[in-house]
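Below, each structure is written out as structure tokens.
In the two complexes below, chain A is the common chain; its partner is chain B in one and chain C in the other.
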Partner chain A sequence: MPIQYIVKRLISLLPVLLIVSIGIFGLTYLIPGDAAVTLAGESASPERIEAIRTELGLNEAPLVQYWTWLSGVLHGDLGTSLYMHVPVTTELLRRFPVTISLAIGALVVTIVGGLAGGIAAALRRGTWVDRLVQGGASVGIAMPSFWIALILIVVFAVNLGWFPAIGYTSISESPTGWLQSITMPSVALGAAGAAVVARQLRGSLIDVMNMDYVRTAKARGLSPRRIVAKHALKNAVMPILTLLGVQVAYLLGGTVIVEQIFGIPGVGKYIYDSVFTLDLPVVQGAVLVIALLVVLINFLVDISYGFVNPKLRQE
Partner chain B sequence: MTTLIVNEEVMDEVRADPLLSVENFAVEFATGHGWSRVVDDVSFSVRAGETMGLVGESGSGKSVTAMSIMRLIPTPPGRIAAGRILFEGQDLLALDEPQMRKVRGNHIAMIFQEPLTALNPAFTIGDQLVEAIRAHRKVTRKQAGDRAAELLDLVGIPGARQRLRDYPHRFSGGMLQRAMIAGALACSPKLLIADEPTTALDVTVQAQILTLLRGLQQEFNMAMLFISHDLGVVADICDRVAVMYAGQIVESATVYELFERPLHPYTEGLLLAMPQHGKPTDRLVPIPGVVPEAASVADRCRFETRCRYAADECRAAPVPLTSYGPRATRCVRSKDLVLGGTS
Partner chain C sequence: MTTATAIVPGLTMERRSTFWLRFSRNRSGVIAAAYLVLLTAVAFGAPLIAPYDPLEQTLAAINQQPSAAHWLGTDDIGRDILSRMMYGARVSLIAGVASVGLSLLIALPLGLVSGYVKGPLDTVIMRFADAVQTLPALVLALTISAVLGPGLRNATIALAVVFLPTFLRLIRGQVLAVREETYIEASRSIGTPTFDIIRHRVLHNIASPLIVQAAVTMGFALLAEAALSFLGLGVQPPSPSWGRMLSSSYTYVYTAGWQIFIPGVAIALTVLALNVLADALRDSLGREIRTS
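This part shows the complex of A and B:
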């Protein structure tokens, strides 16, 4: 992979990030309510509210406000929480590892579940295995993550007692405790992705298994395992990569709900809480970081195309 | 009435044990209304070191026959309904899948019509050659790499060692077919099945590939089953040829005899429809009509609907393949008819 290509792709991300930042800043104007009113309390006088507005800079022109915010962001300063009075950057850094570990857990569920289901369905096409995977995938796509989360809690936490219903244990505290606390949230968050991947992979694997080069591989006496794992999968996985990029965005968005349900103190819960208190610097900062992450992951997906498809590597 | 001259020398060869012997072979495919027999009562043999041609139109069953020898037809929807395929005396149809895998690419190799799609676009030429070697030979990656370079050199690709690192999209159609041939030779097979290997190529490249195949075949004393719809190509490369029509073999003979004097009206039709080099051709004569569905003509000569010599006896019953010494034909009127060859 030529370095030039990667650098070129990175530079092309800059305008995207600028647009994203404008979008995020602008969107906070659409949130109903006035932060100053909320902050001042129920029986505050108009003068008090006005004073707070001035203090927060809410009376400045939107463009000025945006510029102040953006120059802070570029210096790594995302502002200070209106309620907690803690710098947003500090709080995000503390919560980030939690959300990342949840996202990775969900991604593992998506990839492992999707690959296993997709391969099994494609190779046992038309059998009960295929029907089971397809049926399961439909259910997985149709059920919202919070519903899956609630069912998991009822079955595995309340009735079976295998996992804690809520709460989070950090990996440095207790690796097994961490695994236990992360399992159900990961499944709830990754199930839809696994369903989408399984479905897509089934289709593309069936197509690829009919390709001439698979026939060549058979004619050369290669084992079915090698034909599927090497020749078919590398070609079938191309559309899955695109899908994964999109799934990661969904997944990070989904952390807002799932962290709330399972009481996980990550970025998602931070956003959830801040939206209700109109803590704008927190919402802006956290959403920006998540947007950055999504852009970065899609960049990595783009780069990985070159690995799968050698034709793209030269252009 | 003409007498058929039987060449004693050729008869001796026929009696020798063949390398591959297909006997009364039949394949059926599932359709909406039951099983459709697409290959029926096919028998032929290939001797060590010879090139046997299998000729016919699209849908005549020649490719299905070739794929069946490798047991590569998907089952279902296909099934082998009858017959034996003896390779060195062993019935391939009796082998289980792991045993069959040891035959594929090792004792019998195959090349295909479309070189552009026959190799995996996601792996280098070298990777795929090394894989073909290591599928059947216990050698190190390094040794296999050396052998791969040798093979690529053997099939006439310049700068073989460098080209091993290239992906298939860097190769032209002719070079890809050469690379496919290199892969087929990887384990020095006794039989090479070539399923229309030059059909998708330019005429000049076609000639190069035929020359290459002929040279390699002599060098390694490898038998070849050459499938084609092109009688000109068959005349160029084959020793003997079997003509297929609507799932059956209608005539088999040495290439010389077949062109000199066909015994089946379908063969004569093919020859008349073929342009010839170095001869001013007034007009090519097409065979009227299309290949019928096998089931609709199962009770008579399958070519009868398109045959200009058709008589009542042709409609009376299915016609068996009848041998005349080393030749065979599936025509009830073969003794009455004097058909035109290319001489």
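This part shows the complex of A and C:
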């Protein structure tokens, strides 16, 4: 009953989304002191402070505030930036494609790098290739994405001049320019994920390779390459699916820092810029949308699990 | 206590000695542990061994390459990078230990209750964990520490919140597994109060996976603190921190590009050491039940 399964999963998301919305709304109350005074910034006029208080509805009871905010959100209205005076929804819609294209680029790096490394290590288990992949993966996991970004800039932009150090070209403007501007950020963002995937895939491939049906395939004279491609990979890829769900959340978080370094005008940079001015409607709106996206992706991963493995639907 | 040690695997002296025996055979684990001990000594002995004051500016000697006088060179306002690295190590270590410690302090009682008592409280706690996990770690840490105000203390609090779900889930899962064991049932049937069972029996048996997870999380905390500092939210200048040093070296990427490698290598090496240590601990801890 796939439909029933999907509906059940969807309903189970509701309480989580409710808690998330309360948490994000509650950010206002985490601000030390009088939120309106803090948000208005230093040396703000009393009128400005009052304006912010009214704009955010801080005079009302918390429950009323939450309800007003939530019903706005449900109608697609995330409020207006306190500083840029642009509706948050408009700005998010403009910036989302940029962040998505970066996230897809990073995901490609994660998947391609992870698959290549994992398969190579599992096929050449115990050789220098295996040790290289394992060592590389350990180092890759330990390296901060922003450091990888800086190294890429120093090597490929400053010294070799292959890529622009910063800036973003949209794909509609120039596809090659887009590819150039997105390559280094994608590598910086996706490298750690590739390391995690490679390590996991190596492990699960080696497990699968020890199974009876693989031994049978070997006994019937299939080449190791063919065994991996046609049989082992299919079964080893299951845990990777869950891992990718987690990785997407990680990638979206990483965009905050990577977009800042490379000057990419996406959602991450939007959050970064607003966090320092405490532009609350922007922070709340952007964080909420990212949370929704993560929930959606994990939901899709869950569903795809259900399709691949019928046993899970029974629960 | 002889009966207790016989019933409860994990209280015997043997366990401790087998752990050390196994751990000492793990060469990379020993190297990682030695590195971390050395780093801690350097970090907290910095006032005694640092060659310069980390805040002392020598404007006549800015962005100098490594030399005999300045082993790791000087930064953009002529401060000794080696001394700043030594002091910066404190920030990384404190942030790592404090955020993991704080997170554990909250997660331990909640997770134990959640797993042992179950019921509606368990549901509420776990939905909360789900909710926290819908937010990417960096976004959550950035938002919380920005709203609370920049600084090491608030960054630590933010990271502790980020790590909560992982610890909660781990503790709860372990408790759920342990509570069905025969010796817990035996303990319950002779009338041991629930609190004592949790404290004496359950806690001892979930310690091993928790220690391993704490080491892994500390590595992650180090990365996250560096990221927050890099973005300007951790320790505030002029105090040195590795993340902050990376972001300021970035400004001089055209004139002194080599500077990005010093804090970067330190961060990566320390995280690597914590991960290797965690692996070594995993291999050395917790197999006693099977072997005895």
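Here is the rule we use: the second predicted complex is superposed on the first by the 276 of 315 C-alpha atoms of A that agree within 3 Å, B and C clash if a C-alpha of one lies under 4 Å from a C-alpha of the other, contacts with A are read in each partner's own complex, and residues count from 1 in each chain.
Here is the rule we use: a contact is a pair of C-beta atoms (placed from the backbone, for glycine too) under 8 Å apart; a residue touches a chain by one contact, two chains touch by 3 or more.
From a predicted model like this one, the values you see are computed outputs, not experimental measurements.
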Does chain B (first) or chain C (second) touch A:Met143, or do both, or does neither? second
Given the touch rule stated above, what does A:Pro32 touch, chain B (first), chain C (second), both, or neither? second
Please determine whether it is chain B or chain C that touches the greater number of chain A residues. C
Between chain B (first) and chain C (second), which does A:Leu278 come into contact with in this model arrangement: first, second, both, or neither? second
Quick one: classify A:Val20 as touching chain B (first), chain C (second), both or neither. second
Quick check on the superposed pair: does A:Leu252 touch chain B, chain C, both, or neither? Answer first, second, both or neither. second
In the overlay, answer first, second, both or neither for which of chain B and chain C A:Ile153 touches. second
Between chain B (first) and chain C (second), which, if any, makes contact with A:Gln260: first, second, both or neither? second
Under the definition above, what is the set of chain A residues touching chain C in their complex? 15-16, 19-20, 23, 27, 30-32, 138-139, 141-147, 150-151, 153-154, 158-159, 165, 249-254, 256-257, 260-261, 271-272, 275-276, 278, 283, 287, 290-291, 294-295, 298
Complex contact set, residues of chain A against chain B: 211-213, 215-223, 230-231, 234-235, 308-311
For chain C, which residues are in contact with chain A within the complex? 127-128, 130-140, 142-144, 146-149, 219, 223, 226-227, 230-232, 243, 246-247, 249-250, 253-254, 257, 260-261, 263-264, 267-269, 271-272, 275-276
Can you tell me which positions in chain B touch chain A when the two form their complex? 70, 72, 101-106, 109-110, 112, 114, 117-124, 131-132, 135-136, 167, 169, 180, 183, 186
